[in-house]
Amino acid sequence: MDKEFITRGVKRCSGGKFLLWLTPWALLLAFGLYSAALVLIKGLNQTNMDNRFAFGLWIFLDLTVIALGAGAFFTGFLLYILKIDDLKAVINSAVVIGLVCYSGAVCVLAVDVGQPLRAWFTFWYPNVHSMLTEVTFCISCYLTVLAIEYLPIVLKNRRLREVPSMLVFEHELHKLIYVLAGVGTFLSFFHQGSLGGLYGVLRGRPFAFREGLALWPSTFFLFIISAAAVGPSFILLTTWLVEKISRKKLVKPEVPGLLARVSGLMLAVYVLAKTVDTLVWLNRTSPDRGFQGWQYYSWRPFGTWILFAEIVAFGLVPALILLSPKLRAHAGWRLSAAAMACCGVALNRFVMTVQTLALPTLSFDPFMSYYPSWQEVGTFLAVVAYGVLVYSFSFRYFQLFPQERDLRVQAPPQREESELVTAGRY
Amino acid sequence: MTTRRDLFKIAGGAAVGALLTPAPWRMITDGALWSENWPGIPRPARGEIRAKFTNCTLCPAGCAMKARCVGDQPISIAGVAGHPLSHGALCPYGIAGHHLPYHPERLLSGAVEDAAAAIKKGIGEGGRIAVFDTRPGRTASWTYRRAMASLPGGLYLRPEAALNGDAVDLSAARTVLSFGVPLLDGWGTPGNVIQARGNFRLIQVEAIESRTAAMADVWLPTNPGEERAIASLILNGGMDHIARELEDGPVLVLGPEDWPEIVELNRKYGALGRTIVSRRDAPVPDTWKDAAPEMEWADAAEGSIRVLLIDETAPGAYVPWHSIETRLSRDAVVVAFTATRDGYARHAQFALATAVFPEALDDIPAAVDSPAGVFRLSTSMVPSAAWTIDPAMFIAQLAGIDAASALRDRADAICRSARGNVFHYADQKSTPMKAMKADAFWKSLNEGACWIDDLDPKAHAPQLVARAATRASNVSLVETCGAGLVSPLFSKLHEESHVRLARHEIALNPAVGFCDGERVALQTDCGRIAMTVLLDPSIPPGSIQTATGADVLDLCGGATGAKVVRI
Amino acid sequence: MLPWNYGFEWNTGHVVFLGAFYTVLVIVATTVGNAMWRSRRALRQHTIDELRWSSDFHELSAADRACRHVITGEFRSRECPNAFDCRKCETHARLIANQAPPFTGDEEEIFGMAFPLDRFYHRGHTWVRREPDGTVTIGLDELGRRLIGAPDALQLPAPGTHLSVNGAAFRLKKRDADVRVLSPLDGEVIETGTGEWLLRLRPDRLDEQAFRHLLCGSEVRPWLMRELERLQLALTAEGATASLADGGIPVTDIAAGYPKMNWDAVCGEMFLEP
Amino acid sequence: MNARYGMTIDIDRCNGCGACMVACAVENNIPPAHAGANDRKGLTWIRVYKVDNGKEYPERRSAFVPVLCQQCGNETPCAHVCPQQAVDVDPKTGVVGQMPERCLGCRYCMAACPYHARYFNWWDPAWPKGMEKTLNPSVAPRMRGVVEKCNFCHGRWHEARERAAANGLAASEPVDYVPACVEACPAGAIRFGNLNDSTSEVAHKSKEPDSFRLLEKLGTDPKIYYHSKRDWVKTIAEAPRPGAGKENVRG
């Protein structure tokens, strides 16, 4: 029985029940690994990608997943750098989510390149002008950082604390965690950006190409802001989901409100920036390169509705909901707004990747369509299953929500000042 | 006294120190470069690079070729610049011709002994034996004729001759009126056509926009099957805008030769003797003069042939099987000499595997667009596979005549005639025949040369005769290589780009209601063949475009009312 | 990547980009290295008991870390900065300097539990009694006993073992509960017993300072009241229905009263083991 | 002075026979199509597209446009994005080179290329038995999972230089250097030469009013000039316009 691994004083379901919960995910993971193995062994001909759709499902999902995982760095930034202590309640969970998203993305990346064994060439012959180099460097570094940030959470496990060295190392590492948080912030700032730059620099693809500031196209900055906006939203959703599934109170009521406020604020900034960027692109960038803006949206099925959905329906609306204290306070509104925000950013990543490749560039090109093969879908499902499994284990054996223990019963509110009431009662 | 601890310290220190030097990093980098080779990928053979010259046998044009060889193995082929006939041009089939010996679908062997026995039996029973030769005029053809002459009742059969064996002089034409002839897509000698293209206006009458129609100066789209009507309209002074074009002579009218209208038009616009000229063929040894006469296929008597030997090695015009069948007796023995299963081999009891280009040694007679007679060899660049046989040798043996040195004998005869010039490929110079010795001539023929006859001073204007006309089909056939076998690299033009129709691909207008890649059947009153649909709006709804090939020709040759049906 | 690598050139791009990359690597490496070095140092300088307690103490919920003077009502709220080791606490020194808690020798009776005041009490529910021969005896206090009832197992340290304040003194097992009990004093075990006292210790020091960190006299009652509150909280947290704060006297074996309950959690709470 | 090799392709002379595509495959050891390959998964360094004027039969007119790597000279999109320097522009020739043995196969360059002139090895290269004897020794076959593209027959460039050096000429710009497709085109529609050499045929032809380049406004400065007297053909150089029979792309 795994009882002695579970933190003292928190309730967890029985081992059997836990296994029952794991089984479907494990099966899904197995299936996913099988399809990934097919791709690795037989080659990328197992996918439905082709010379024209050089990138497929995976790039879209990688970008989305990494955007959602941005909660890790942004929460860390707010907590350790800006010292917003309320976020202690979710930082561990955020770190796990970040770790899952990033490691998952990197694995999918490895599956979807032609020669994975040569991945290290990127470090060996880096082309510093390439956004992909920036992405590779930053993601690999940040993944390391996340792993290190994950370490204390693991070492805090009731059983591992019995080992003196682990106990002490956890203690000491935790004191220095803010350094890692700082580095992590720096790194993710850059790779979220360069993921945006990835497409923004494609001067051969006027649909994606954007003029920029200094080295980077505007998408660089848009991606950073949107990631920062959607990260907290995603934490909000996951926390709520975990609370529902585990039927427990995990965070103090003020925490979701705070996350929602942060998310709303960033989202508002993003929507504003995105609107300006779109206008500049439609009226200057694209026409200058011989491509009239309107023609992008006359290819079925990508009409102007997609632009509207991206900026207004899934951008402006959730931003306003999250910004208004009254709506924000209401869980239903808060959560649906968060979900919408996530969808909006996902849609943005989809447009940047898939639509860009689908639109013709030569006048005698057709409009390209593409459906992922089951191997590609399987590979993605593997990441999802992997994420759920890692999170479930972490939630069961580690303290992802430090407030959980205190929240078992409503502890009397503490007043912080320590003044002498009376000297000498006797 | 050093302890183990000290040793560890020293080792560790050394390791750390080494990291600060380029050495380990260099090793990694070089390791990477070395590891960049991938196993299981063929390594091209190395060796001395040489140029070899030959002539293409894949179609009657016989273009001159310069092969780049590693040792003796040709690795790529290009045209011979400055060649008086092919002008350095090659079609894609020729460019990849050196792949044919390795074609996965090549016919691998045949029951030679059984075939010989069956033939002997057939002759023994007093049946009539015939050789059907798809490319007449070769030295091998003469061998067949001699062999047939020495066999009781032996016949030498050939397809209907283009323009009754007369030649077209494109360089003389100012206006060319073509009724669906693929003039710019493999007709005649491509290099020669392209060379002359600058000098004539091309009026293409065709139902669909073929490659030729797309490049023509005027394209007259017609409804399929109406070409003949248009021809007679022009003949009777209708369509004056075309008539006006035709004022600008000399004129050449090309079209299905079995239409009287074509003959009449040529006669009307004075093509005969100017753009259509008679040609004398390369001389042959006098000892061959007693050979069997050439007989056109159609003239053979119904059900008369007991033993039929078909030589497909040198592709030319294809005679649909259903019209061959009628000439065969009930218990006929049919032997096909071929490198592919797709041709007559489908109908023959015995298919005997032959060498393919560039294995075989053969000569190529003058193409339809060469006013002068020519003699050139396709030399054997790679040794022919052990299990192949030479049909000429086989049939000569059958008749007990000696044909081993036939090519040399003919070369000598040409040399004796002292006519014309010899064009040498290596240095692109030509020397008059009379200035050459027989041995030198033979040598240069084998090293890459072409004998070109002088134009016949006392040539008579040719007399075209119209044949019984068949109705035009609504299937427009795009020429694929007659050889049946094409280089595997043609996947670049077929699956990988659809720039050309592959065999059993059928181009249809989207409006017809089939979807891209759908499996359908092309059906005529001669039968049906499974095809894959390729949608192309440039095909008018009433028309069908597909690639030739023996089976398709069997299906559509002369047949009408072809239609596409779902399967 | 490296100056002597193929394709490397000394241009600004390379220098800036790779510079940043290496800096990050160095920072991350040094951080981790630093943490390792510090923990190595910590392991050398402190006994593992100290380290574990200091870590455990941080794990305790804020309420449990309250200063003893909060318990006596002298502070509204104050978190103990010294991990319950008042010997080096100036605030404590100041407070008892101007008024030491009166030491009344007789027995306290709280909710039917006997708390003799001839001894000191540790917040981990052990007591220390000074013996005439200069040794001290250590045992579980009444509440501790009742929590455990008859222990399923009792692991006492072998004589000769050296205990340190707030380090593990001995382990108790009861049903699913498995807790270590904190040692109230530094000293060497010279004898183990099973009756009233469990350990006989020869303390490292016997001066006045030595016992300052322990509760005694009038502190005991308010402390115990608070402990009962905590117990109540712990029980309700674990889903207890019957409560004992409303006059219900803790029975001699509380565990028996809640057969289904996660007793480990309750004991962990009460014996200060998170 | 460095050379700037380029091409002029006369669309009015191209009848789409495909000789250039076959010759290219022969020269560069490009394997035949795998059974599963189609026109979107093939390896055709030079590919002939059939374009049309968008009208319906019988007004419809077609032309054939060979498209190969346009050898962009300005901020070459693919070279710019390759994460590990597997793409480089040779300053001596202006040719955009691809190093398959260093390629990671991330296909970022393919997404970057507006001309779709880059091709990925989706399968292990395979030749029919015996056909590997016909491989060109001056070009190494590529492995599965890497990108490849036209490099103006780099092998030929090397050999031409050696020949030139052997004949004691300046090896910098060999006179007899032409890519395989140029040599193969029976219609002589493709011309090749040094655009920097004002006396060369391509330099002249590229300046003619009927010459144009694909998507010139992208500012990538391609070195392939197309040439046609037909006005509707000239419009293929511009950005796509939706509708108008775009569904027909054969080739």
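Residue numbering begins at 1 within each chain, and the chains themselves are lettered A, B, C and D in the order written.
The rule is simple: a residue touches a chain if its C-beta (ideal position, glycine included) is under 8 Å from a C-beta of that chain, and two chains touch if they have at least 3 such contacts.
If you're wondering where the values come from, they're calculated on a predicted model, not measured in any experiment.
K.L.:
What's the chain with its C-alpha centre farthest out from chain A?
P.N.:
Farthest from chain A by mean C-alpha position: B.
K.L.:
Which chain, with its centre taken as the mean C-alpha position, is closest to the global C-alpha centre?
P.N.:
It is chain D that sits nearest the middle.
K.L.:
Just the number, please: Cα centre separation of chain A and chain B in whole Å.
P.N.:
A distance of 63 Å separates the two centres.
K.L.:
Just give me the whole-number Å value for how far the CA centre of chain B lies from that of chain C.
P.N.:
The separation of the two C-alpha centroids amounts to 98 Å.
K.L.:
Taking each chain's centre as the mean position of its Cα atoms, how many Å separate chain C from chain D?
P.N.:
About 78 Å, centre to centre.
K.L.:
Provide the C-alpha centroid distance between chain B and chain D, rounded to the nearest whole angstrom.
P.N.:
So the centre of chain B lies 29 Å away from the centre of chain D.
K.L.:
Could you list which residues of chain C touch at least two other chains?
P.N.:
5-7, in rising order.
K.L.:
Give me the residues of chain A that touch two or more other chains.
P.N.:
Residues 118, 121, 124-126, 129, 133.
K.L.:
For chain D, which residues are shared contacts with two or more other chains?
P.N.:
Within chain D, the residues that touch at least two other chains are 38, 41-42, 49, 85, 102, 124, 143-144, 247.
K.L.:
Give every touching pair of chains, nothing left out.
P.N.:
Here the touching chain pairs work out to A-B, A-C, A-D, B-C, B-D.
K.L.:
So in the complex, the part of chain B that touches chain D is made up of which residues?
P.N.:
Residues of chain B touching chain D: 33, 36-38, 40-42, 44-47, 49, 70, 73-79, 89-92, 95-96, 98-99, 101-104, 184-186, 190-191, 194, 209, 211-212, 214-215, 221, 487-500, 509-510, 534-540.
K.L.:
Which part of chain B faces chain A closely enough to touch in the complex?
P.N.:
That would be residues 28-29, 32, 36 of chain B.
K.L.:
Along chain B, where are the residues that touch chain C in the complex?
P.N.:
22, 25-26, 29, 33
K.L.:
Using the touch rule from the top, collect the residues of chain C that touch chain B in their complex.
P.N.:
Interface residues on chain C, with respect to chain B: 2, 4-6.
K.L.:
Please output the residues of chain D touching chain B within their complex, sorted ascending.
P.N.:
Residue positions touching the partner: 15-19, 21-27, 29-30, 32-33, 37-39, 41-44, 47-50, 52, 56-58, 60-64, 101-102, 124-125, 127-137, 139-144, 180, 183-184, 186-188, 245, 247-248, 250-251.
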